[in-house]
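Quick notes on the structure that follows.
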């Protein structure tokens, strides 16, 4: 019994609502900071927001969030400079 | 109880399914056979199939079916030769 | 195909027995008489909820002399697809024709319509438009012209009419045409042409409802004729195979706006436009231009 | 409006919390990230049944950081109309955006779509098309291209895709555009343009579903890019006020068929076209021509 | 309870007439109810309506089967009356110049008035119909005494558009004066 | 009744593997049932499936909660096993080169095989996944003896496309040979 | 303005009540015999007499969807439908019930096709007895007005939060003109109150997602709460009925059921809708003939007034249930549910019943008298 | 070809049965967890193994409409749906029931939204218990196959002419692989028989109009006939169950209800669907613990087996009813109807019940055991 009002089928925003989706990964993207030109093209194409954008001023390459990167490989494919390689995950890491 | 099969919501074709629709008439179309050129334009426009087409060969003017003519007056209006006039119905005819 | 008046007299059979339930002067009943009459020996009619489901007759019997399936409102083309599929499987060659109002086509029925078109079903959908839900007393439909008073737009409708024929062209139907109760041989031409083609065919008929339009019964044809003459209702055909529009003979003259009668000649004999504002008339005129512009692109 | 890549970084807020339920490489999720991201501070999302209702999250919480109303499949634009009406009455200025799949737009949702367009509701409908019912496992939709294998067309779909954008042009929407996950700044431009206009706006996005298209995840963008380069998916805008089409920059080159890559470059990297026949490819090519021809009429 | 059966033609205002009668009864302090019988009636087709009057709340909702009063608005519809169903002690109100022969010898109370003439004279015509609905309400008041002519007038003014109400009031008044009641 | 819990990754064929197992049981003359646990599993996410075996018709339809046998297809998923729920006298079948440390001292019967290597060698790869579903069925046959390797093979041939069946049969056979069973 | 007595059709009575509750969004689709309700409101909105958005959607499915959208945005909403229209919006009827959206939607009861009939039976609304809506059936135009007004107050209460379906017999009420006492509009509005604290209100500054995937646990929490809300609704309806009486001097039994006649009668007739009124007439006439008959009109079919039925039944000898709908393959739904209620309390009272008035067949009090006499004999 | 034993999901079992009945028109729309059924048939049609027209419509409303069209044209038709899909075709569910169109449509039971869940409860098909469909609920994949096959024979009989809805628990049956004995396809087809004498067959040479306006009299003739057809359907289902046993060696109780356990038990558990199977397991286990429990699985909810319930109940002490759906504002529909049946026969047997398994909540036999023990105690 609710005094406040009814139980509504409502969900609130949260990180990881689908769990630690990095678990789904079979291949892992790895960036070569040397090759990375900080163009952020990869950043734009990541469907999982798993790339922290590179910063030209700070000369910082992109950073992957392996908690959530699903390993689709789009970033590697779309990087015009071949700065990302997909590496097979080792089981049980 | 039907042995034959179910009672289906089916209706069969019949004349006067809406009754004697000539009853609805307030004005009655009357043709002047002299003026009628047997062009059958009126025939074509009658929504109630209440006109028997004129016959040029037999020199027969159109004929109204007052059982069903609803008195819309389209025929009179559309006759290019003013051969039809609409006459007020007398009550209780 | 040049249907002549005398051809109308040689229908395989009459669609109607006399004494149907349509109001005096009903445009829909008149259109049905000829359009379906021309193919009456091979037709199965599918009728969604509408005036047609009522005027065919009730209770005792039915005035239609062709097989008629009355269906739920939003379902006509799907029912027709099922019938056609069964007939094909049975090896029977028949024309399955949907006879639906503007509500049953442009509004609640648009999904079933577009779905069947998309599947390229071999059926003909005829939409008779009286621009409102006549059977329920005249509420706005998607095909209500700007300015028209209906029972749900007492100050006049504000939005452009839907122009289902354009949607069907965009949707790649096999054949699309418009017709009018004022031009019956042209209508019959189009119906015959449609059933001669395999695929999804669509015809929209401007069919006066003297009750909803508040037109004197006797003006039922005249008002439809004026719709053509004022350009309000362009008559044309479009074929998928050519991708081209052909303006029909009665409308050819009105391709040039110069030749059109003023729209007011059409509105003024209709009670539903009583109180129409100048602004609304302007918008109606603009929408008519839009329609012609669309058509012209396909000439 | 010339959105640049760096502008994408300055969204009012992120639409997504990380860790959503979309498959790896999902085009729809990527498109949503940017399209809705660009207007994330003022948006209310309406989502009919689709992959989006699933990938937003489940059970514990939701990955979307914008208010989201999940609705029955066939109802999105009507729900959006109701929300918008209420917001207007309350004096709140928000963008009510429908985010729907091709099934929820072109098929079961086409009536609610056209109805809202017809009423000139002030909402934006974004249709992300993966050309099938992805959420139920990949059945044919009205937007399935010719030749594509789906679980209900195992020998390849035979009918032309529906091209909802054309229907919306014919239906006189305020603004119609097509977009692609391969061209995200162009997409964002169009979304921003759309919400700046009052009336019914429609955008269709070609959004790869690597699962249904049987494309390697990593090719998710490449395949969409090829759709543009082969002419399969023309990018354009159309506005009601001008009645004119503008071909978008990424597609301009392909207006001329000469410049287009062969369609096979697009089909060959997709498992859904494995086994496609030459006849089907021809038909697909012809349908592509039809689409361009339609567009060209409005240039 | 007193029950009325009214027969008119679709489109001629019969349903509105019945409503006005119910409204007039209200002013009279009488409970009332007006039931139109719907089918798929089209303009010109015969339409029935029922009105009930009572001094206590009316709990009956079914159509009137054995009316105390029958009222016929269109002369051509008089033949539709089923005399066997109308209560013998009741009254029949018709739009007619005279008492039709058919009623002779039925020992019925008949009220009659040439409502068509009254309405025509006042220009109460629409869409080809001579509108006699309000005119006949005058006859009703006179014939039954159930509702005063004043309340009929109030009812008309309440229900109809002010543009057309006056003519209708005029017609009712005229009919009230001209209606004759005879037992045949 | 004997109950199996299988854990695999969405898209790696685990559900098909469970079906093949049920089919193989049929050839064995044993009643069986294969239940995939559906959620909104996406490619790559962990998926459970349950298989039951019995010598009489199975009337239980609910998911397996306390399995006799647990089988894990993806090395990285081993940590998902809840040892407390797996029957102590049961058996755990894993895709692994060796017995993971975590099992040490649990007094459990563990069957293990490097299914990934076997499958990779045979080219059983699709969409980035090494397909070990059928490979692990060989391990299952060896570890449990519930179903013969012959019937596993029959099951594979019945269920899979003839184009791909042979490799899968090969993999199952290989795994059958290589699987080791130890109690730790 | 003050209250006044007027004559109105049932449809107009519903329309006037809606008007006084001042809904903000009205989404509609026409269907006989409901259409006058929405046409009336259309006129009010277009003339500016009612400040609301009036949405003429393309189908009933969309009508209720649009109302739901507005309800999610936290404003008062209204629509009306009937028969095929109710079926066509069926998915949304369940959606808004289970979604706890307090929409008010009069249903003008009409037969379901095929055969096609526009007249009354209760088959349409009865089909939605599982859908999580409060259903209140009315006997006359006054009750139609009163019930539509009450519906907002009942459904929108935060502890209830359920959609409400006031039901009125097609044509028999919807198109019949009869006396209705209208309250002063301001008093009426203040009786209903603002919808100021909606249970859910979508808002850009407070993101959440409504209606997404949930597991069995959350699912059950929501459904159990709905079951409890229906229980609470019984008390609420009784309370609102009382408050209404205090304010406007009218009430309908205890709000859930209305009894007419004596507890110590030999027979209780159980009815719904206008048949209840005819039954009362029959009871009076039977009394004059020396029969002792009691009448119970079930006003709220949802929540189903189990306790009231049992309370009344206990005191009587026999029950006869008049159904105006059929659950094909079993019995009339009213009969089924009454029998279930009695069984649950193990009351040893014989029940019988009949299915009457389908397809618009009229059920005059004389027929009810005959039925009662037969029931008394058997 | 001869019969063989295979393993199949419940969905494939339904698909195979449909295949053997050779429907001529199949119109479909996808929805989880039903979709495999139609995908299977799609494959058969496209590969030419099944001579039929396969129509991929744009919604469920249209799917059932297209089937109805084909049924009007006198051919055998098939479709399948679930949950929201069933609701979305709701108007047509009633239309085809009242229109006496013998369509066969498996419903894979799934929850109704919102909250959104793709798992099983019976809320969806239960909502259509008034619609004039025969509803048969199944306990395992074998019964799914057998029931779909029987459905054509039952529904298409000219003296019945009703659509049939075989119901199977979503996922629990639809997606679970288990043993199914398939008959020889020719034998299966000859068991079903041709649909050679359809009740209605539209034909250009014999014009009539279907579904137009009718008066109360005709309306009642049709509805009374439907009521009678449902009564006849009971006998027909029993007969087909027997014939099926004679031909294929399998049967399900008497076709209407299936009893498991002893007449002289202390408690009867009443269930539907797979819960019936789990209950049987529970009963066996309880027996070992010394409890005497009887089980009744209601196989046909429509027509509702009043007589069978009464017959079995008479011999027992207590009834406990397990509902997997709720009629919000009253009780579980199974409980309501069983109580009504008992009341009608004035059986003095205590009933109680519980609502379980909503939202896909699993109801394992252990839980049923606990429930039974509690019921025995109270």
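Labels A, B, C, D, E, F, G and H are assigned to the chains in the order they are written; within every chain, residues are numbered from 1.
Assume a contact is a pair of C-beta atoms (placed from the backbone, for glycine too) under 8 Å apart; a residue touches a chain by one contact, two chains touch by 3 or more.
In this text the structure is predicted, and so the values were computed from the model without any measurement.
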Smallest count of steps, each to a touching chain, taking chain E to chain H: 2
Fewest touching-chain hops separating chain F from chain H: 1
Chains touching both chain C and chain H, listed by label: B, D, G
Identity of the chain that, by mean CA position, is farthest from chain E: F
Centre-to-centre distance between chain F and chain A (centres being mean Cα positions), rounded to whole Å: 31
Geometric centre distance via CA averages, chain D-chain A, whole Å: 23
Of all residues in chain E, the ones touching two or more other chains: 40, 42-44, 128
Sequence positions of chain B contacting 2 or more other chains: 9, 11-13, 18-19, 21, 24-25, 70-71
Residues of chain G touching at least two other chains: 56, 58-59, 61, 84, 88, 91, 95, 99, 113-116, 118-119, 207-215, 218, 222, 226, 362
Sites on chain B touched by chain H in the complex: 1-13
Chain H-touching residues of chain D, taken from the complex the two chains share: 49, 53, 70, 72-74, 107-108, 110, 133, 135-137, 139-140, 142, 151-155
Touch list for chain D against partner chain C, complex: 74, 106-108, 110-111, 114-115, 118-120, 142, 159-160, 162-163, 166-167, 169-172, 243, 290, 293-294, 297-298
Contact set on chain G toward chain C in their complex: 28-32, 35, 38-39, 42-43, 46-47, 54, 56, 58-59, 84, 88, 113-114, 116
Interface residues, chain B side, partner chain C - complex: 11-21, 24-25, 39-41, 43-50, 53, 65, 67-68, 70-74, 76-78, 86
